[in-house]
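There are two complexes below, and they share chain A, which is joined by chain B in the first and by chain C in the second.
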Partner chain A sequence: MIRPGLLLRLVVFTALIAFLAMPDRFAGLLAPLTDNGAPAIYNQGSLVSLTLSHLFTVALATSAATIVAVGLAIFVTRPAGAEFLALSRAAVNIGQTFPPVAVLALSVPAMGFGEGPTRLALFLYGLLPIFENSLVGLSTLPPAVVESASAMGMTGRQRLLKVELPLAMPLIIEGIRLSAVIGLATATIGSTVAAKGLGEVIVAGLQSNNLAFVVQGGVITGILAVLISDGFQILARRTSKRRGASPQASRPATDGQQAPV
Partner chain B sequence: MTTLADAATDGAATPRIDRLGVVIAILMAVALALPFVTFRATRIAAGNGLRLFDALPPTAAAAVGAVLIAALVTAVANRRPSLRLALGALALVALALGAGAAGTHLTPADSPYARIAPGSGFWVGLFAGAILMTDAMVRLKLGPVGRLIALAVTVALVAGLLASGAWSHLSLIAEYRSRADVFWREAINHVILAGGSLAAAVVIGLPLGVVAYQLRAIRDPLINVLNIIQTIPSMALFGILIAPLGWVAANVPGAHAIGIRGIGTAPAFLALFLYSLLPMVANTVVGLNGVSRAVVDAARGMGLTVFQRLLQVEMPLALPVVLTGIRIVLVQNIGLATVAALIGGGGFGVFLFQGLGQTATDLILLGALPPVALAFAAAVVLDAAIEISGRGKA
Partner chain C sequence: MIDLSHLTKVYGDTAVVDDVNMHVEAGTITVIVGTSGSGKSTLLRMVNRLVEPTKGRILVQGRDVLKMPAYELRRSIGYAIQSHGLFPHWTVARNIATVPMLLGWDRKKVAARVEELMELFQLDHAQFAGRYPHELSGGQQQRVGVARAMAAKPALLLMDEPFGALDPIIRGKAQADLKAIQRRTGTTILLVTHDMDEAIHLGDRIAVMDAGQLKQYAPAADILARPADAFVDDLIGTADRPFHYLTLGTLGSAVEPGEADGAPLAASASLYEGLGALLWSGRKAAPVIGDDGAPLGRVSLSGITDRAAQPR
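Let's turn to the complex of A and B:
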């Protein structure tokens, strides 16, 4: 039995792959959006390679942000890093009021044009949700669990790896999901600073007044964002199920909410 | 073994030296070593970095340097939060005045095209001072009123500096001066886009949230759809909305007359409104769900009708959570309205993307800094409102 939601996603995913593989077959569908015989399918580069470099930029920045943010969250929740805890909470709150597009634009004077500023902005902004969620996950563990782990004779390191991180994992994955979705959107805007990605298609459409370009770029990025977000959500659900009944479900986290970018 | 290990780590938790202070001090030292301002012969020429003592007359440079060093020493050696707050604030003021003075000092009388901008040392120093202040405020556990006062003082100081002309020789201000009219027009556009879509979302989203709270059947599908919308990148949603709105403008009588167009403000406003619905609806539902059953039963026992109960009991109790939704919406819309410039929607993004197009750093800053400041101020004000509205409620 396949649930209707899953079926719909499979259909959408197949349609996306089909479009990326043979975009010209779909030209008839988009042609009504063009004027004066303008091309209906983006013709200044391959859609597949733009999609791949878009995804690569996001994957690279999000992985780096994950490593750094989880590392920092572990550090400030150990006794050795405790004095940084309050400040890092405040810093994350303040940081998240910065619009990602401003972070992107401000990276340009520092890094020049191209992939550099986009990756830097994605990385910097991507740190915030992952750090926040890891912090909530690691600092709100039921004390009884942590104490019994110590009572069993686990060292601090064992406790972290075998108890604390696995328990916090669903929240950490939720943070990575937020970061990836924000990253995907910011990378789209990155095309205005000459980063290779799907935003290029939208920008080209806006500049040449070709709605077909705008719509295909928009729809591809939109679908990618929704599918990636769903993937992480399924992963988060799996990990929290594997841990058995979850006290996490009732824990105040980010409520699964996110800001669009 | 464990107890020994724990004892060792516990010992490490209270070191004599404030390690955060050491980090701040290192940042301050780096700030002093880096160029304080950059000098450019023209607006888009390559910059030439000048250190503090090259950028200012000796006495002024010594004064700024002395304040920064005092902040550096305080960060390491003194743990009193009030002193750290004062020194952090003083460092920021010294940097701001110093940068302005450098602008006046360095601008050649015969070359109106020369541009002086704060350099990397200035920005690193600003960052260090801001951390010192933030940390002190966290330790002082400043209440909502205190935070509002701090915000008001900051706004007044910045406004005073701008009005006094102390920064008038800095390139950012020069950039502003040459387009002051457009700047304020786009500022109003930006506020209308962000605030108007918030107002629309409150008017539609609150009742929708109440309905979703009472009818379980539509709650999950509605939240799911809003969640999917929320996931779509702004540039994509702006773009996707151009086509249907263009069609409406061309085919629905009267639509064009009230300002609906394929590109411009209409798709931007609609997109921001759609993005705003999820936080509004979801937080209304969560807030109402959180009202204790006993309170609702007591209200029912007192003979209040469903409507009276909602307005007099449930909504007031749900207010802090609803306000949290409004905070999320306002901060996110101020940021997203910046992107609207890409589809002709106006706002500060106009300068940001123009600046990117011309590789003019000052123009980028002119477009990027106001939304950052607005979003930050909105967050401080609403956080305070949330805290005050939540007082005395279970």
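Let's turn to the complex of A and C:
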């Protein structure tokens, strides 16, 4: 049996694929949003390749943020790294406080125009949700379980890989989800420094006063964000399902975060 | 089996375990009893080095545990705790298999051992092997916890209030089961509890701890008959003492020749149970039968109560 929610997502996903594959077929739909016979479909580059490079930029930045943030969270929850906890928190927080636009502006002189500054900004911005969630996940494990792992004769490494990480996984995935979704939205501003992405469509629309461009760029980004977020949520639910009623799994630790504009 | 000499653990300025010397015989159940904060758990946890001693020496089977890698030591010692600490993301079978897997047993041997243990602990393999801990009752979780502790056939099993979270009825059964399993496997058990009833019921020897010091270490009967000091006396409870004492002997030891009316009592039942049965049925005496049902004689109320008096 297919649940209505899943069905809706399938329909939306199919529509997205269809639009990206044959955008011209949808021109009639968007035409009412244009004036003076302006093109209804973005015509200065392929929507597919813009979407793919947008996704690639987000995937790259989020993966890098995941590796660094989870690694850091693991490090500061080991006895050897405990004293670096406050320092890492402060460092990661700076990454989040610094507006991505400012990162873009400051890194262009050093890195030049293109994808580089965007990836750096998304990476820095994505660290905090993953780090905080991993930290909560790794430091709030039931003490009896962690002690049992040691008492059974697991080495520190075995305890981390067999017990701590699997049990913290739902929260870590939740952090990656937040980071990816924020990154997907934030990546649109990368177009201001000539990064290829869906922001290009939106910016072009704003500059030429073409509402159809703005809508298609925005809607594609929005749908991608919803679908990716759903995907991560399904994954998080899978990893927490077997643990039974886990209060941690469904509650994002850093909720209420706003994507910057 | 275990030799503790001058074992001391200091936190800050306080010695939570203060110069304890103790010898535990192989194949016995030794119960460490004391109030909370007496250092009994700390003492236990030093044996598998979950707590590192400040001073002193621990020998397990003649080997100095402080000179072994901690993980290797722990794989050779079973450990079960009150809140069972089962791994919530692993099935019952995988939980029980923890230590054998760490030791690198081959799969078939592990699977056979898991099945054997589940049978020993009365958990139906077909029904429970694939379940997760949160799908079990408290009593079942506790049994899985003990099964996991015994999985690699450790010669020594450490238990920290293993029955603390169980309700009284299940606790009684769990204690009886543990005792039976211990007699069958010959495992040496060192168990910590705050419950004197449990200590007397389970312990071949009882170690009483207070404020980090070992106050008395003796068989249950000696502790009851000759408490070392006021603290031990207090812990036993003056009113309960004769009744505790009666739980240690069997009706078989109080059989006298003669006959009596009414339902017979089993010779293997404790004097305490016999006293209860006589009082409740309003009889002065009852016939006693052996395990095979053969009449052995009778027990009388006075025969039992004589044995509740403090030995001279």
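Observations on the model:
Quick note on the criterion: the second predicted complex is superposed on the first by the 239 of 261 C-alpha atoms of A that agree within 3 Å, B and C clash if a C-alpha of one lies under 4 Å from a C-alpha of the other, contacts with A are read in each partner's own complex, and residues count from 1 in each chain.
Just so we're on the same page, contacts are C-beta pairs under 8 Å (C-beta built on N, C-alpha and C of every residue); 3 or more make two chains touch, one makes a residue touch a chain.
Note that the coordinates shown come from a computational prediction; the quantities given were computed from them, not determined experimentally.
In the superposition on chain A, contact of A:226 is made with chain B only, not with chain C. Within the superposed three-chain arrangement, the count of touched residues of chain A is higher for B, of the candidates chain B and chain C.
By the touch criterion defined above, A:47 reaches neither chain B nor chain C.
When both complexes are overlaid on chain A, the residue A:153 reaches chain B and chain C alike.
Judged by the touch definition given at the top, the superposed model places A:90 against chain B, while chain C stays out of reach. When the two complexes are overlaid on their common chain A, residue A:163 makes contact with chain C while staying clear of chain B. Within chain A, the residues touching chain B in one complex and chain C in the other are 150, 153-155. Those residues of chain A that touch chain C in the complex are listed here as 142, 144-145, 147-155, 158, 163, 166-167, 242-246. Touching chain A in their complex are the following residues of chain B: 1-2, 5-6, 9-10, 12-13, 18-20, 131, 134-135, 137-139, 227-228, 230-240, 242-243, 246, 262-263, 275, 278-279, 282, 286, 328, 331-332, 334-336, 338-339, 342-343, 349, 352-353, 355-356, 359, 361, 364-365, 367-369, 371-372, 375-376, 378-379.
Taken together, the chain A residues at the contact with chain B in this complex read 33, 78-80, 82-84, 86-87, 89-91, 93-94, 96-102, 105-106, 108-109, 113, 150, 153-156, 181, 184-185, 188-189, 192-193, 199, 202-203, 205-206, 211, 214-215, 217-219, 221-222, 225-226, 229, 255-261.
Here chain C touches chain A in the complex through residues 48, 50, 71-76, 79, 81, 83-89, 98-99, 102, 132-135, 148, going by the rule given at the top.
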